[in-house]
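Labels run A, B, C, D and E following the written order; every chain starts at residue 1.
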Amino acid sequence: MDFLDFSLDSILRLGKKNLGAPPGIENAADIDKPPEHGVVSICTIDYSLEGIEQQTHTDVEALLKSEKPDWATYRWIDIQGIHPYTVNRLKNHFNIHTLSAEDALNIPQRQKVEDYEGTLFIILRMLQITEGSLINEQVSFFYLGDVIITQQEKPGDVWEPVRERINREGSRLRQYGTPYLLYALIDAIIDNIFPILDTYFDLIDALEQEILLEPIKGTQMRIHNIKRDLAYLRQALWPMRDITSELYKNDIELLPKKVIPYYRDVHDHSLQAIEAVEMYLENAKGLQDLLMNANSNRMNEVMKALTIMASLFMPITFFAGLYGMNFEHIPELGWKYSYPIFLSVCALTTGFLLFYFKRKGWIGK
Amino acid sequence: MDFLDFSLDSILRLGKKNLGAPPGIENAADIDKPPEHGVVSICTIDYSLEGIEQQTHTDVEALLKSEKPDWATYRWIDIQGIHPYTVNRLKNHFNIHTLSAEDALNIPQRQKVEDYEGTLFIILRMLQITEGSLINEQVSFFYLGDVIITQQEKPGDVWEPVRERINREGSRLRQYGTPYLLYALIDAIIDNIFPILDTYFDLIDALEQEILLEPIKGTQMRIHNIKRDLAYLRQALWPMRDITSELYKNDIELLPKKVIPYYRDVHDHSLQAIEAVEMYLENAKGLQDLLMNANSNRMNEVMKALTIMASLFMPITFFAGLYGMNFEHIPELGWKYSYPIFLSVCALTTGFLLFYFKRKGWIGK
Amino acid sequence: MDFLDFSLDSILRLGKKNLGAPPGIENAADIDKPPEHGVVSICTIDYSLEGIEQQTHTDVEALLKSEKPDWATYRWIDIQGIHPYTVNRLKNHFNIHTLSAEDALNIPQRQKVEDYEGTLFIILRMLQITEGSLINEQVSFFYLGDVIITQQEKPGDVWEPVRERINREGSRLRQYGTPYLLYALIDAIIDNIFPILDTYFDLIDALEQEILLEPIKGTQMRIHNIKRDLAYLRQALWPMRDITSELYKNDIELLPKKVIPYYRDVHDHSLQAIEAVEMYLENAKGLQDLLMNANSNRMNEVMKALTIMASLFMPITFFAGLYGMNFEHIPELGWKYSYPIFLSVCALTTGFLLFYFKRKGWIGK
Amino acid sequence: MDFLDFSLDSILRLGKKNLGAPPGIENAADIDKPPEHGVVSICTIDYSLEGIEQQTHTDVEALLKSEKPDWATYRWIDIQGIHPYTVNRLKNHFNIHTLSAEDALNIPQRQKVEDYEGTLFIILRMLQITEGSLINEQVSFFYLGDVIITQQEKPGDVWEPVRERINREGSRLRQYGTPYLLYALIDAIIDNIFPILDTYFDLIDALEQEILLEPIKGTQMRIHNIKRDLAYLRQALWPMRDITSELYKNDIELLPKKVIPYYRDVHDHSLQAIEAVEMYLENAKGLQDLLMNANSNRMNEVMKALTIMASLFMPITFFAGLYGMNFEHIPELGWKYSYPIFLSVCALTTGFLLFYFKRKGWIGK
Amino acid sequence: MDFLDFSLDSILRLGKKNLGAPPGIENAADIDKPPEHGVVSICTIDYSLEGIEQQTHTDVEALLKSEKPDWATYRWIDIQGIHPYTVNRLKNHFNIHTLSAEDALNIPQRQKVEDYEGTLFIILRMLQITEGSLINEQVSFFYLGDVIITQQEKPGDVWEPVRERINREGSRLRQYGTPYLLYALIDAIIDNIFPILDTYFDLIDALEQEILLEPIKGTQMRIHNIKRDLAYLRQALWPMRDITSELYKNDIELLPKKVIPYYRDVHDHSLQAIEAVEMYLENAKGLQDLLMNANSNRMNEVMKALTIMASLFMPITFFAGLYGMNFEHIPELGWKYSYPIFLSVCALTTGFLLFYFKRKGWIGK
């Protein structure tokens, strides 16, 4: 199994901000130039208990002109792609606070929830595994009562099931309106963390096996990477916990009492995810000890091999050297059975040493 | 002694959730199909100070039809086995909040206590050692005043002693009714942690001995496993602490003042368990150092053996080589007592080196 | 100096509880059978500013019949030995809460303070060094206004000085009555931690010396033990801190304002003890690094010896082998001074290598 | 890439305080002597929505004489260079609290915000990378309603973009006045932390590569330095977080409600920076493990080489010694094909050992 | 540079308390016997804005008889040396709480501030470097409104500058009276921590150099000592932080609003000191890693030397042995140029191995 390409680089590298540039959105480049076709795609879902209508708009002007049908109580505006022009137009039309609009425009931002009068502004990080690689986007929510605007960095999200459920007649999404929709969207984001955690669970498991069988050169690096990735995940999860906790604990006017238990539920899920991450991180740290011990054992094995080798051959090599000496008077040299006796002594010595090492547990274990 | 099979896998693996699936219980599969015979077993205990009656019901319909006898004040409905149909029927009959019902249905959930008006909903993890392996189930409590519904994953639990005591006339369980019954059930769950802790105490003790005598290849893995298991136990215990604390600290309407000290007591037990786990975890971490040191000592021993061997034989092998040279003019070669002198020099050299190593503490210690 | 026998086993092993057994004291075995003679010894001290009377009672019935003299305001009932019968009789007579009585009966309990109406119930751990080994008992205090009942596990305690002071006329103990007596008893328990800490200070000091001079095989184990013991002490001290803090911070009705500063003082002592333990624990952890470094140094020393040995003899052994060859045309063999030249070359080589190792700092340091 | 010269020395060394010297500013040396020309440079920006005027003053007297034009509502006095005379004159003129003045004069101070009636006094640390080396100054802010005084240690700062924006007509800086200016100045300081973090991100990345390829002697030192620097950065960032949090959470009279969201924003940036530092620090600690493992691997490789060498040559050297013996009766010596057979045996032995090591994974991996 | 003699022993050893002894000061030995001449020296400074008078008293009776002149508003009584008689006399005269008096008498005590009605009682630890060794005393403050009593263990303190400033006419000390004097005394104690920190900064720096150049046997011990000392300093500083925080945060009646900012300032200094200690401690821990790596590198170097040596000589020794064999039919033996060829082969083998090790980076790096 291979590692996800977490592309932490794009997230962690924070130095790309336009330093000192006026934070004002009005100074953003391209503020007056509508985005080219295909850069930003806009989709609305108008719905109420009675019905639902889904529309795709060519551009932000079309969106702003389109009106909610009379029978529809709620509208979800889903924007995929970020462009200053679009954000600015929405800001002016929906009376969004300048700072929210700027945060929605600038990437990366810290995840957060902010409660400007009449608007709930939320930034979350949407993580998902698509075709084996991890996609990581910033999602902004503008919750304006009966209208929710969501803005993603690029097409493709984790909300397909939500869209299906909104189409189902009589579903809670239809009954409870936007307060429940907001919950459903956040819930989908947090629930999608679990398969990622699952991947890391498998990776840790595989590494454990690898270390036990035969650690290779890359093993340490893989432990390092897992630890770094999990640390990142933890850091991404902590604000989610805070945001969901704020949503159900603070008396936010825009969220009716009836849906609060659902926010408590999503908060619970975020806690569950955090606990799992902490656990895996702890496990990954344990791998370090496992590897260190494996290294130490391997070294021991090598050293034992060397010591055994040296111990076996050094004595008998000396004996051979002894009778290779050219002294004139070495009585043993003339004996008839010197050579076989010598060989027997060598064999005995070696045998004794082998037995000794065996008993010491250096051989045959 | 062998390790428990903690089957952490089933607990920690959180990715099996039906992602994005409508959280609504009404969408669960099999919601309309009653479970097959034997999948869910239902048992009621109706009791008051005066008497007690225990019944087993064939299915949930039978349960809902059966009424509490007039003389009975309290009812404990004990359900073993989880099925959407059963949960849904109970939900509708007892007016349980949808989210509680869903949490009771989906496994695994975080342990928690939730106070919906008129209902106290609690999820706990029931750990027990049965025939040497560790059973781990999720238990849901619906506390509805005079009725308590408990739902376990499968038959077999830690509540046999509670059932015995409820049968005993005049026992506190009979006197104090369901508020005390709830306490007794939770207390039984927490008290059953202690024998598990005890097992780990023995395991740590055994490992300590193993490291001191002769660490083997698997030792490190066993330390790793103990640490992981204890970390899991800690994580399972923390929410228990929070839940019991919430039960006795918050003024929960459904729990009369009289039983509050009992909840404080069970809270105390959860603290005691946590302190023990922390202690054992600390100890297990200490084993790591012990093992590392043992490894280092073994390596030292091997290296010393090698060094001694080399030191003893290298000099005398050189001497032997010296007199094996074919120079024409080596006066010693012709002497009469060269050979015995040579042998004595070798013996002396060896003796001196042995003495030196002895004094250095490398031999004979 | 040898290690204390901390007998942690008896403290840490928590699995001996009668699982699921009815917590009710009325179900305890022997509840109706008075203890045999000598199992429980009971002693009362009745006193006031005017006088003091000390009595020993044969059994709990005698105690309950004996009345406080008219002149005496305060009574301290000191019970040594635990028996269900005794505890139950006291419970009924003094109207003690069932849970307190049960906690006093069951060992081990967490240290705690509980304020039932009219009674202050405290559990502390009494540690003391007697004849070189550490005694560890659970002490229960029932503070009932003018009467204090203390219950120890076995005879022998740290309160001898308190008894002496209570005999001294005009002492504060006599003036301030039971609120001050309770303080004095707790203070004596906490003050007796300090000599134990002192012992560990000496042990750490001795270990430091041992590691610097010559670490032996048991050194690591001793560090491990010290760390474990100190961790246990810390865990025993934390609740003491909480209990003393609760006694002086919460407005406990039974304790008059006048004595509160004394409780603040004993709280301070508990903090001082905790700080010392933390410090020693930190130091003990430092010993681990010291030892690891010592091991690493020893290994280095062994390796250097081996390398020097091999470097000295390998080259000259080769030279000797060279001239032991049987080639017919080796001109040097026939030279007259070959042998002395050869010896000189060997000496020079060896000398050069010795000098080189010396300069490198491998020899003579 | 090389390391920044963080010159921690000048920051961390805290012992240079005039110990015991009267903290009073009136005792400072040079209090009555105006600074020489060029030591302190003073610049004012008077502005309102209508216009802006920038002035440079020769000395503090000139500054104090110069008055704000009628059309200008706000004034920013920017002082570069610290001198007791200047600080004292400003203190008397603007009625600044003695302690603030003293803190502005003495370097280094802890970063902090203090709210004396009518004045907000802030100390921050301004970090910036200029020409590859890191500049580290203490900046003091005196916020006096419509006037802001900033004092830096030396010329050169991170506020150029702020000055540009203040010149832009209709910019928010011009609209919102000094409350927004204060925000903009603090924001510029915090935003300039990010490129520094970026540098460390690159350094960690480079080190990771270095360790994987070939750790050298300096590698450990570089890890050590990075950890130290990041620890310093963290310590510099924590107070920034507290200060910005205090500015937006406490109801500070001098800051109108309208600008509070901006302070929340800058607080958010400080959090983002802290999270990044924590992450990098965690990563840097992981490098330690990587390096340790690399070392251990290298050692293993060396040991294997030695063991292979010894194993290959020791047996055949013994064989050669065997037939170098001078026994009279060694039948093999006279055989015709002894020599080629011997060579073959040597080759076979060597071949077998090579194969054995290969299979064991010691060679060719 | 050498280490300070921290004499932690005298501070940390806490077991010398008179266990169980009546805490009452009235039981102290020597309570009725005035101290011998020279044991306790007493000095008063009476002052107001108008004037100042400094007196030295022969004994405590003389002190108690001496009255403050009419023109003097404030009095500072400075006592150097501790004796039960003196403390008891002061206690009775100034109506000090018994527990304060006892704490002032018994050493060591935890640092603390206590607010008995009408008296502020403070204990601090006064650290100073005198002639290269560190002096460590306990200082008690009794703040009684217009009178401050300070009690030190022995002559010599850090307050010389305070005394000088009190003599200066018009100084703040003279203006603000005892509330400011208390601040000045505490400030002097905390400011004197900084030069000590500075010493440790230098020590860490020196150790870093030592490890990089050539770690010796004592290096590890020095790291251990620095860590222990800094841990002690941290533990001494934490209560200082708490005490100064309590002085400025709690509305202490005895301290007028006007001086509160000064207490906030001294609190700030204590924070600065703590931050520095934490930083140095972190650095000292980093030294451990540095040293471990240095050891590992040295070991690697030794092992490489050995491996190179063995690799160079083992093959050629075998070759020499080969031609030392006594087989009758070894054709090479009779060749004319065998010997030079043999020497060339040896040289080539050695050359090739040297080249190989060079390329592998084992030589010449």
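Definition applied: contacts are C-beta pairs under 8 Å (C-beta built on N, C-alpha and C of every residue); 3 or more make two chains touch, one makes a residue touch a chain.
Bear in mind the structure is a predicted one, so any value in this text is a computation, not a measurement.
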Check: Which chains make contact with subunit A and with subunit D at once?
Finding: none
Check: What is the distance in Å between the mean C-alpha positions of subunit A and subunit C?
Finding: 44
Checklist line | Where subunit D and subunit E are represented by their mean Cα positions, the distance between them in whole Å | finding: 27
Margin query: I need the residues of subunit A touching at least two other chains; which ones are they?
Written below: 292, 296, 299, 303, 306, 310, 314, 317, 321, 324-326, 330
Checklist line | Chain order around the ring, beginning at subunit B and proceeding next to subunit C | finding: B, C, E, D, A
Next item on the list: Can you check the complex and tell me which residues of subunit A touch subunit B?
Entry: 158-162, 165, 168, 171-172, 187-188, 191-192, 194-195, 197-199, 201, 212, 261-262, 264-265, 268, 271-273, 275-276, 278-279, 282-283, 286, 289-290, 292-294, 296-297, 299-300, 303-304, 306-307, 310-311, 314-315, 317-318, 321-322, 324-331, 361-362
Note to self: Taking the touch rule as given, give the residues of subunit D at its contact with subunit E in the complex, in rising order.
What the structure shows: 12-15, 17, 19-24, 97, 99, 103, 109-110, 112, 114, 116, 214, 217, 220-221, 223-224, 227-228, 231-232, 235, 288, 291-292, 295-296, 298-299, 302-303, 305-306, 309-310, 312-314, 316-317, 320-321, 323-326, 330, 332-339, 342
